[in-house]
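The structure follows.
A, B, C, D, E and F label the chains in the order they appear, each numbered from 1.
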Amino acid sequence: MLIKLINPNTTAAMTELMGHTARKVAAADSEIVLATSRSGAASIEGHYDEALSVMGVIDEIRGGVPADAYVIACFGDPGLLAAREITASPVLGVAEAAMHAATFLATSFSIVTTLERTRIMSEHLVRSYGMQNHCRRVRATDVPVLELENPDSSARAVIFAECEKAVRDDQAEAIVLGCAGMSNLAKHLQERLGLPVVDGVAAAVKFAEAIVGMGLRTSKIGDLAFPLPKSYAGKLAEYAPAALVRGIDHQLAGRTAAERS
Amino acid sequence: MLIKLINPNTTAAMTELMGHTARKVAAADSEIVLATSRSGAASIEGHYDEALSVMGVIDEIRGGVPADAYVIACFGDPGLLAAREITASPVLGVAEAAMHAATFLATSFSIVTTLERTRIMSEHLVRSYGMQNHCRRVRATDVPVLELENPDSSARAVIFAECEKAVRDDQAEAIVLGCAGMSNLAKHLQERLGLPVVDGVAAAVKFAEAIVGMGLRTSKIGDLAFPLPKSYAGKLAEYAPAALVRGIDHQLAGRTAAERS
Amino acid sequence: MLIKLINPNTTAAMTELMGHTARKVAAADSEIVLATSRSGAASIEGHYDEALSVMGVIDEIRGGVPADAYVIACFGDPGLLAAREITASPVLGVAEAAMHAATFLATSFSIVTTLERTRIMSEHLVRSYGMQNHCRRVRATDVPVLELENPDSSARAVIFAECEKAVRDDQAEAIVLGCAGMSNLAKHLQERLGLPVVDGVAAAVKFAEAIVGMGLRTSKIGDLAFPLPKSYAGKLAEYAPAALVRGIDHQLAGRTAAERS
Amino acid sequence: MLIKLINPNTTAAMTELMGHTARKVAAADSEIVLATSRSGAASIEGHYDEALSVMGVIDEIRGGVPADAYVIACFGDPGLLAAREITASPVLGVAEAAMHAATFLATSFSIVTTLERTRIMSEHLVRSYGMQNHCRRVRATDVPVLELENPDSSARAVIFAECEKAVRDDQAEAIVLGCAGMSNLAKHLQERLGLPVVDGVAAAVKFAEAIVGMGLRTSKIGDLAFPLPKSYAGKLAEYAPAALVRGIDHQLAGRTAAERS
Amino acid sequence: MLIKLINPNTTAAMTELMGHTARKVAAADSEIVLATSRSGAASIEGHYDEALSVMGVIDEIRGGVPADAYVIACFGDPGLLAAREITASPVLGVAEAAMHAATFLATSFSIVTTLERTRIMSEHLVRSYGMQNHCRRVRATDVPVLELENPDSSARAVIFAECEKAVRDDQAEAIVLGCAGMSNLAKHLQERLGLPVVDGVAAAVKFAEAIVGMGLRTSKIGDLAFPLPKSYAGKLAEYAPAALVRGIDHQLAGRTAAERS
Amino acid sequence: MLIKLINPNTTAAMTELMGHTARKVAAADSEIVLATSRSGAASIEGHYDEALSVMGVIDEIRGGVPADAYVIACFGDPGLLAAREITASPVLGVAEAAMHAATFLATSFSIVTTLERTRIMSEHLVRSYGMQNHCRRVRATDVPVLELENPDSSARAVIFAECEKAVRDDQAEAIVLGCAGMSNLAKHLQERLGLPVVDGVAAAVKFAEAIVGMGLRTSKIGDLAFPLPKSYAGKLAEYAPAALVRGIDHQLAGRTAAERS
């Protein structure tokens, strides 16, 4: 099974870090292909960064080898529904996967994320995914996303302290890490805190395997059907859905990447 | 007061139609500047079209003469929060404006929109805007967006029939038109139906005037603060926020377009 | 356009204060007529005061020159739906208008109000208006309503301090002033706090202009249709709806006050 | 125990009918005192009628012999919170009581009410009382309130037919009668339909007995504390809270009517 | 009227305590029969204890003299819907009864319960019963259930202190005691705190009397109809519904215990 | 990895059927152990059946070889939280798993279940799991659970017809099968309907593998911590938690079944 892990920001080092996590949890017969967005922000820390990251996500789904499943590896799940429209292969977002996983393990969780200004984005997702009764609180640390990559920073200590507050003040029984760039911290935090710490990258990879393993694909009835063919203008002319449908017609035939190889 | 009305699709005829509506309701001292997106879909009829329409919206806010307020004239309100991040001038979406207006006039409304596949997008907005208790139902007509421009089509008859169903079956007390391209139908439908028919283009223009008239601007504390400066790569390099902030520094000084001229 | 601003309490000085705010923001062609309730409480600080304020509001809509729009200028929006029943002209409440305006400018706001005992009334309105996801918190200052009129009191300092707490502790990105009597503080607070401070009096006046400018009137289908004619007894005999309908029949003809003059 | 049943409309025949129901279910040691509002509408069929019915309710609580509990016998529960402010004796609304009772007997119920235009009022109460998950639907019959008193009308047949629809189409497992004037129909409908039919008059009387029997009284901390003393003007001057507090000071001493006699 | 009060835990001393409360509030013509569960946990302090307490509740409803109403006297309301299925007599839970009662007396309440680990159980009930807008907070004291029986413990002081916090920090206007074992504290706490303190044992008994007094019984249409006859295996063979229906057929005839005697 | 699939009803044929489904989707290194409840109902079709099925579920978790994960294979997810309390290994319910899986594939789904009387149980789960915005409707077919096993019955045709109604009338974009006994129908229905048909047995097995694969276990902080040791009486004496903790202490050491072997 071929799973494509797409980093919607353009920082390759973060893709590597997430790829490391993904490969550690992937099943023996899963192949993880990594992709770093080729356009947009070095880190996604607001609505503007996020809106502009969708193009890069779409590029990675339209181009390259078709995958059996895709993972969008940014905690805002940018372009999730658009991505589901252009492929029948399952597409998982890491925020979505992490929150759903947490509900299997605890009756409550808190999210520990990076910047205060991205907190509202997590709160919106909490509501979209129906997690209002499970999510006690979204906690921002004001650690910038790229600081997570810096081994000399105090980022880890700050995140650990915020997790402790979540346990003590929110009575959270599990932690959801609110940034894909924290995926390498999950194991360490879990051991120190003594409760489930859910990283969305691992969760999305495993849930993608699960969904593919059940023989399920994205619904092509209704709003997730392939986009209607139409003309696109200007800088985006090449994104016109007609071309797109041709590019994925082997998927429409219902074969998986494994079957095709 | 200068209000820029941005059509997020690339169909200029639809922009003209909406501009006509906008100018009819605008105050004497409001100037309506029209902009048709220069990239993306000819019509927005799905998550994919919508996600890719945001770039065009952003282009129109970043470029050209700064406006006192912006209107995003597509019923999905694409890129609304991203747009609010990059300017201190108020930005209004037409779906948002129409729904809020309807609550001032009736205790319930139904939305009559175009394609069945876009219905979920309106339903998501209903929840985002807290309209669950006011909106009885979102009704799709399966009229394609561009068919609204065709004087020979049965589109108007179909829409009228659906509005009648909303009154009879949903007990809706007002109608919200679920597509900016229907803005020229509002008056006619209102007269035939005998209840408020709210068009978002008119509503957004008038609410934009209202907000500017109160001396209010978008909050620059928190998630709508200007984007953090950072590098952007690839096709989107020019969208890096640093350049952006320079482009709007006169806005930060708090002067309106009227004062500047 | 004639807008009647109705103060549901009987304190004329507060009406003057609100009238000052209203006229500062009103369009050049809007005429603001002020009305102070002729019956009921000097200030509205509880369910009882509020319930008994509705008669005064109704008196001002039934009597005097018909207006193109009415504003109910008390943060509890007393009698809002009853008022909408007896006129086809739009009726706006200041709480309603302020909360809706705040959602155009920020993803979250807190309300800063007067007495602790009125906090629940704002909380009920937050839910009625679908603002649960936008309103972070309703904060009471325990400043009595009429103390706002007293230039020697510490009221302003207390309110400013509470706004600061809303920003710091609730991460509110905008402030909604929870009492029409605070309308003269908005500009000052906004400048000191550096974020949008929304006063409902200004918001309701501007939104009333907007709604009238769109050619929209209150729905007369369903629960906001004119009251059914019937007999009224005792002290309220004169309020029987039959008489009422006669009083407003020119409105039913659909002409605005401007057209009638 | 003395329970005062207040009919907020001015139709004495309806009071008698409800009194009959109340006395049939009342405990042996409960005395039911009936009061018909002395001002306002002959029937309450809209927001306007309802808003103006509050004065009559308040008059009956302020005047006459103090009761151990009050029942507001109109399905809109008009003035419920205002009434709770001016007495420490429990005040029950019939809509409130009926809905709460229904949840003790069934996992779902539908409300069968009178006019379509009053349906929204019940829907608002459903939300205020947290009944959204229990109430399947509010069904209007378009039977006018006073028609219920007319033995020759088809009102009963229409109501029975609507109850049958609620069972068949909503899968309702209990019926809540949506008008206090239907209280005499409950037993008959229950026998014919074979499921619980809850009348609010009976429910409110029994719950009032229950609350008094537990030694509980309305909270006088917070928003239901006695109204703040202040001046009232015009036609309502006599309603100023100061006078009121004197009128009920024996209640403040915490004695029940039974103890006082 | 015969009301059977079932203690779902096996601690007879607690049953006595609750019986004392029940008899103090019961009407003169109500007979309270006490039952202590004969199987399961000495105290119910978690999901596991609660799930296993349902058998004991069912045993007490199936066996012994049929009652006119049943009260399940544990704040988790264990087995409430299962119990309602096997008898037409009303069944009340104490959590349910206490929360509903509190809404008749205050616009907000907090629940003060025992162990932190049972807090989520109360929160789940708050949502099931539609109390989210009334319940400010569930507060755990970490007093073990059986410690409430110990006169030498600090349990009472701890509970009083938590109630004070609820008033000060949550602005709760009433307290709901979150454990049936606290029923003897209600009066004392109410006097010291000066606000309504609602004990579910008293509330359930009085509401049971009220429901029976209205002539209402559990709906036998839909999910609360008697269980379908079928075979049961193993240790639970005797619980097969067929036998059950025979045991209660006198109830199906609609007679009350009073009538049968 | 050892996954124990527990059928909470006592019908071994149904366990076999579900085991067949489970093994078809399980990973090569997963071993599926089947368990049929040894006590309780032959089929679970109501609150009573469900409440009494929990003992059988608990027996299977407490006894036999410890598993790396448990699946509760009945669409009511009976005893889910109790089960999570007594083991650190993940426990998945099939309703929970199916609904979460469906949200990864479609923006809306309908549930097609067996008896009308069990519909409310699914509706309660929809709310518990935060699926209100995804689940369009729960549809009952009135096919008895055990009829699903009968090859000569019309059960399959009835279920297919109901799925078609869900697509046509609810605009559902995916189907969730509302009974574990339907698990063998998923593939067939999916092919005929052309949209995702989610069976909870497959979903729970695959999600269990995913959760174990991530190294996550049930939170042992808070309400899912191991039950407090205490005495249990009567028929349930052997269920006292103290014995239980001894039985699973190897699990506390954090080793998986794979590691132990």
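Keep in mind that, in the parts below, contacts are C-beta pairs under 8 Å (C-beta built on N, C-alpha and C of every residue); 3 or more make two chains touch, one makes a residue touch a chain.
Computed from a predicted model, the values in this text were never measured in an experiment.
Undergrad: What's the overlap between the neighbours of subunit A and those of subunit B?
TA: In this structure, the chains that contact subunit B and also subunit A are C, F.
Undergrad: In angstrom, rounded to a whole number, how far apart do the mean CA points of subunit B and subunit F lie?
TA: 45
Undergrad: Which integer distance in Å separates the CA centroid of subunit B from that of subunit E?
TA: Chain centres of subunit B and subunit E, defined by C-alpha means, are spaced 53 Å apart.
Undergrad: Find every residue in subunit C that makes contact with two or more other chains and list them.
TA: Expected reply: 81, 107-108, 116, 119-120, 127-128, 133, 171, 222-224.
Undergrad: Think of each chain as a node with edges to the chains it touches; is that a line, ring, star, complete or other?
TA: other
Undergrad: By the touch definition up top, name every chain pair that qualifies.
TA: Between chains, contact exists in these pairs: A-B, A-C, A-E, A-F, B-C, B-D, B-F, C-D, C-E, D-E, D-F, E-F.
Undergrad: Note which residues of subunit B are touching subunit F in the complex, please.
TA: So the residues of subunit B touching subunit F come out as 116, 119-120, 127.
Undergrad: Over in the complex, which subunit D residues touch subunit E? Could you list them?
TA: Those in contact with subunit E are residues 25, 27-29, 81, 90, 92, 96, 100-101, 103-108, 128-134, 167, 171, 173-174, 187, 190, 194-196, 198-199, 202-203, 206-207, 209-211, 213-224.
Undergrad: Can you name the residues of subunit C that touch subunit D in the complex?
TA: It is residues 10, 37-43, 45-52, 54-56, 58, 79, 81-82, 84-86, 116-121, 124, 127-128, 222-225, 227-228, 230-237, 239-241 of subunit C that touch subunit D.
Undergrad: Spell out the part of subunit C that touches subunit A in their complex, as residue ranges.
TA: So the residues of subunit C touching subunit A come out as 107-108, 133, 171.
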